[in-house]
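Working notes, structure below.
Per-chain residue numbering starts at 1, and chain names A, B, C, D and E are given in the order in which the chains are listed.
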Amino acid sequence: PSGFCGEPLTEINYRLKWLLNTSAAGDIYADRGGYFVENGLRVVVKSGGPERDPIKELELGRAHFGVASADQVIRALSKGAKVKVIAQLFQINPLQWIYRPDEITVSTPDDLKNKTIGITFGGIDENIMKAILAKSRINESQVHLYSVRYDFTPFYQGRVDLWPIYRNAQGPIIGARMEKAGETVGYFNPDAHGIHSVANSVITSDEILRDQPELVENFLSALLKGWEMAMDPDNAEKTIAMIHDADRDTPLAVIAEQLSLTRGFIQPNPDIPIGRIDVEAWKQTEQMMLDQGMIDIPVHIEKALEVR
Amino acid sequence: MLHRRIYQFFIIYCLGLSGLFAFKYTLGLSDYVIPSPTDVWSTAQEYLFPFSMDVLDTLGVAVVGHMISICLAAVVAVIGGKANWIGSFIKMAAYNIQAYPIVAVAPIIFILFGDGLTSRLLITAMICYFPLLLSFIGIVSQPVPDIEHFYDVTGQTTWWLPLKVRMFENTGKLITVISGSATVAMVGTIIAEFIAADAGIGYRIRIALYQSDLSKILVALFLIGICTSLYLFALEFMGKKIQQRMDVQ
Amino acid sequence: MLHRRIYQFFIIYCLGLSGLFAFKYTLGLSDYVIPSPTDVWSTAQEYLFPFSMDVLDTLGVAVVGHMISICLAAVVAVIGGKANWIGSFIKMAAYNIQAYPIVAVAPIIFILFGDGLTSRLLITAMICYFPLLLSFIGIVSQPVPDIEHFYDVTGQTTWWLPLKVRMFENTGKLITVISGSATVAMVGTIIAEFIAADAGIGYRIRIALYQSDLSKILVALFLIGICTSLYLFALEFMGKKIQQRMDVQ
Amino acid sequence: MVTDLKPYSEADNYKMHIDLKGISFRHEKTDTLVFQNTDYRIQGPGFNAIFGPSGVGKTTLARIIAGETRNFNGLVDKMGTTRILYTYNMERLPNWSSLGEHFSAVSGASKKAYLEEIIDIFGLGSVINARFSQLSLGQQNRANLTRYLVQDFDVLIMDESLANVDEATKQRIILKIKQAFPEKIFLYISHNVVEVARFCKDIIVVRRPNRQPQVKTVSGFDFSGKEEPDQQTLEHIMLEIMNAS
Amino acid sequence: MVTDLKPYSEADNYKMHIDLKGISFRHEKTDTLVFQNTDYRIQGPGFNAIFGPSGVGKTTLARIIAGETRNFNGLVDKMGTTRILYTYNMERLPNWSSLGEHFSAVSGASKKAYLEEIIDIFGLGSVINARFSQLSLGQQNRANLTRYLVQDFDVLIMDESLANVDEATKQRIILKIKQAFPEKIFLYISHNVVEVARFCKDIIVVRRPNRQPQVKTVSGFDFSGKEEPDQQTLEHIMLEIMNAS
């Protein structure tokens, strides 16, 4: 690797989708484990948020790689952005709906009828929920959709029955808190009901992929190695320590739980290699968005997928 | 005057838009980063009307929130302007509450007041009252000795009189600040909607933000700008009338 | 004075906290809606120190943002205070930009300036400058004829002189407004961090919200309050010194 | 008729008076010495003047007597003169109501008839419906003085309160005041030596702090509208004032 | 010596003068009629007075002449008097510098020596390092007038500019002004009839708008420090002024 031959390491910006937490376990591991440097790269891993769009940053040349979910990628493509998906980190979307099994039962989509369901209008969870409803032939008038926001108060106060959360990141924290208060916690998982919508995936620009294939290769191999190490239960302690170092606001015990949950989303079974791009899921996501009018014309997402 | 306001706003908006487009085309950015003029235009055609309704909705709340803020700021300034312990305590409290970002306080507000109109108004008022408060306190705590002297020495001073004198002497400033803070009321309402509501232009902006849809945001900003200009104009007009009447009588 | 500030803040904070707990226990709310005192206490023990560092970090940016805001507001007020077309245009522009919620403008700012310190400072300044601007415009546009008359009739008026006169005559108000706006600078910085940063207390608050952890938010609010009180005190102290010097000379 | 200190007997102590004992005053910031160990007694009711060159300390003295300046050394001893009002010619009336409304608002019901008389004599009838900012300077002076006269007071200090009023009106006003309040003490600050000599009972002449005594008294003619002073007496008084100051 | 209108020949037209032609003025808001079709000529250089009862319109007239009031009817025709300055006794100096600094800042280098002389004669030497707010009222009056005297002007209107100054100082000041500016026009507004009669060349007596002509001239003694006026002449002039107003 060039880094050891005294050549200057080029600075590579890697923009995450969300803040540094367990959902970025492999990214953190690749960084702090030194895999990027081993591959001759100096990567700056930057946390994200809804206001900071990795796809825009790719185009503006402020980032070289980024993490985005399928809906973001598809929407961007529909508006002429030149992005390529080079890996899919989450094989299963960790977005689920939390509820109280003591009060309601939600085992099938049919159980959603007459429930008050929190969704982020404009967010991917709106997409997913509407897809579930459509698939189960539930009319939107048969449920109460409730606009969610930053805080959980309406759910806590029981005014909303189901509330969208990231199962691996928020679940252990909020679930634990409710259990501590003597309540039971259940999760409604859309993926279990046949809705495969793709979450965090690694993207880069057409240009970088075309002009610097070896950079992409170096980056991706280091990144995926990081993810493999991070997901390896034998490495758990080290991984947890690394995550905690980046995310001091989450206690170690919680990170441990988050990590074990994350494993199930990254590698649901050992046959699937980490980073595999699930073309069918992407197509389903595109179809969902088409059906709901979130994009006007097909973008043929498969063309933007760099399946290895 | 109104006419001037509006076309000045158009100029500002067009300047901003042109800047964005210039940025887009010099860097050859895709429609996703910065939408194309046609994209903005078609979005405008589609959303101008529904968004107008939302902006009017927002304006309604903003007006009420603005009134509340004015009263709130006046009361706090009156009490906080006193030189005693209670005064400095109230002032301290008012300043401190302001230092808390609304996003952090919002959950507490929602727990206490639910997430109906009350909370929205409260958030609007919290955001809007502070600029008012600052000016009010500044005005209310600066004596006008040439007028107040008589009342002081003849023992006719009430707690209210010095305030009346100081406010009256600074009517021009008060009107500037009150009408100017209309924009803060508007922005406060939008933020309240952004955080909590399922109506109003703030809510639309949040959706557009999640969808990374700059066209919609641009259309929303256009309408917000026009609406704010109108409200501002209305207030300044009223202010001018009040001042004229005060001078005449 | 400083001592009073701090204990007043303690009283306010404790009142708020007690109110929240009272609400919790009268309604029998569970710990996840409003955390129990022990929960808050243990969170405080764990996070008081790391959060303090973050608040100091935030304060640093706030101070710089505050300075920028003051300059910005002064410049805009000076130009916007003129009665000509340019003046009213600048004022219009300044007011309009204020009407846009920062959340809507933030994506554009990030596109144009990236997400470094520049954007953070810009957001802070945008939030903080407006309350200043309002007061500045109010002050700058109200003539002091008894002083300005001489310069006017002897042709010695420069563009700067009336401003100097008006600002000087209103030093007390200016100091009130400038020191008071410290809190807005603080909140502006926190919001900028909330939206964009990887450090600072605003970033912590965002995480705490994501984790729905009211205890952490309460600890953060405590530190923000103390820090703001200190900054406010420092500015008011400086203001008092300046005023004393101006009176003595 | 110049006296260093107005002599007074023990019995006088029980009449209304203001005693200044060892008054020293220095403006803190500029370090201007204004009074140095000054003693003086203002005795009994009457229309008195405080007189002296500009900048000598008349306003300062007046404010010390009225209790508006407190950081002086020495003692102000009052007897039967608890309500001391100080009014100066830069005062303004609030602009939110007309003169008439303002006057009614600040004067007790018992003073109504009396108020109307003053307004008439002061020549304010024609501007009774105007706001303060719409008055000429002399009208402003008079309006300000009017409202003080309908207050309860034992002593009224008028610091150049009629400085911008024409002499005919001023005479009317002074004579009216003297006739209406024979039992009160007035301290009238003015730079007009003729006027002071003519209308005042005692003229308190204030001198530079390096001169002792710093305050001297000259007896004036105390004209109250009956017998006109003859030219010579007046000139004599004026000369005395000039010599004293 | 009372004249309805100061008579002037055709030749006079080429000397410095200010002509008021058919001036009418009414305060918009209160509807107070102040001038009604008034004609007047202020002729040649000299120290003149504007005199009249309080509220009659002296300030209004002064501001019309100075061009500070514009919404009047009629014409003000100026000849050789383009630079007209109006100063009034409520003006304040900015408080950010001392008197001395302020004076230097507002007067040209050519006036330095002259400035120092004025400061001395005006008795401001002792307060030259003070700020305006630290002055007594009379000191404030004088400080304000000082800075106007070091400006370029053809006409200076002093609206009660010395109203709060003692008479000795006032005399020094007026004589100095007359001596230093023999070729300028001064319009001195004052309520002191003795002073006006003694020092002024022409006394412009302003009367109520229902009287015609509304402005009359009385010639004063125009004392300039040399021969003292005798008592009788002065009293005669004062009588004339009284009769005119």
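Assorted remarks:
Note that a contact is a pair of C-beta atoms (placed from the backbone, for glycine too) under 8 Å apart; a residue touches a chain by one contact, two chains touch by 3 or more.
Every value quoted in this text rests on a predicted model; they were computed, and no experiment measured them.
Chains making contact with chain B as well as with chain C: A. Listed by label, the chains that touch chain A and also chain B are C.
Summed over C-beta pairs in contact, the chain pair with the top total is B-C. Of all chains, A has its CA centroid at the greatest distance from the CA centroid of chain E.
Chain A and chain E have CA centres that are 85 Å apart. The distance from the centre of chain B to the centre of chain E, each centre being the mean of the chain's C-alpha atoms, comes to 51 Å. With touch defined as above, residues shared between interfaces to two or more other chains in chain C number as follows: 33, 103, 107, 111, 206, 209.
Contact of a single residue of chain E with at least two other chains is seen at positions 29, 90.
In chain A, the residues that reach two or more other chains under the touch definition are 51, 53, 56, 60, 150-151, 153, 157. Of all possible chain pairs, those that touch are A-B, A-C, B-C, B-D, C-E, D-E.
Taken in their complex, chain C has these residues touching chain B: 4-5, 8-9, 11-12, 20, 23, 29, 33-34, 88-89, 92-93, 95-96, 98-105, 107-108, 111-112, 130-131, 133-135, 137-139, 141-142, 170, 172-174, 176-177, 180-181, 183-184, 186-187, 190-191, 194, 202, 205-206, 209, 214, 217, 220-221, 224-225, 228-229, 232.
On the chain E side of its complex with chain D, the touching residues are 27, 29-30, 32, 52-55, 57-59, 89-90, 123, 126-127, 129-130, 134-139, 141-142, 160, 163-170, 191-194.
The part of chain E that touches chain C in the complex is made up of residues 66, 68, 85-88, 90-96, 98, 106, 131, 144, 147-148, 151. Of all residues in chain B, only 146-147, 149-150, 153-154, 156, 164-165, 168, 246, 249 touch chain D in the complex they form. Residues 50-51, 53, 55-56, 59-60, 72, 75-76, 79-82, 120-123, 146-147, 149-151, 153-154, 157, 294 of chain A are the ones touching chain B in the complex.
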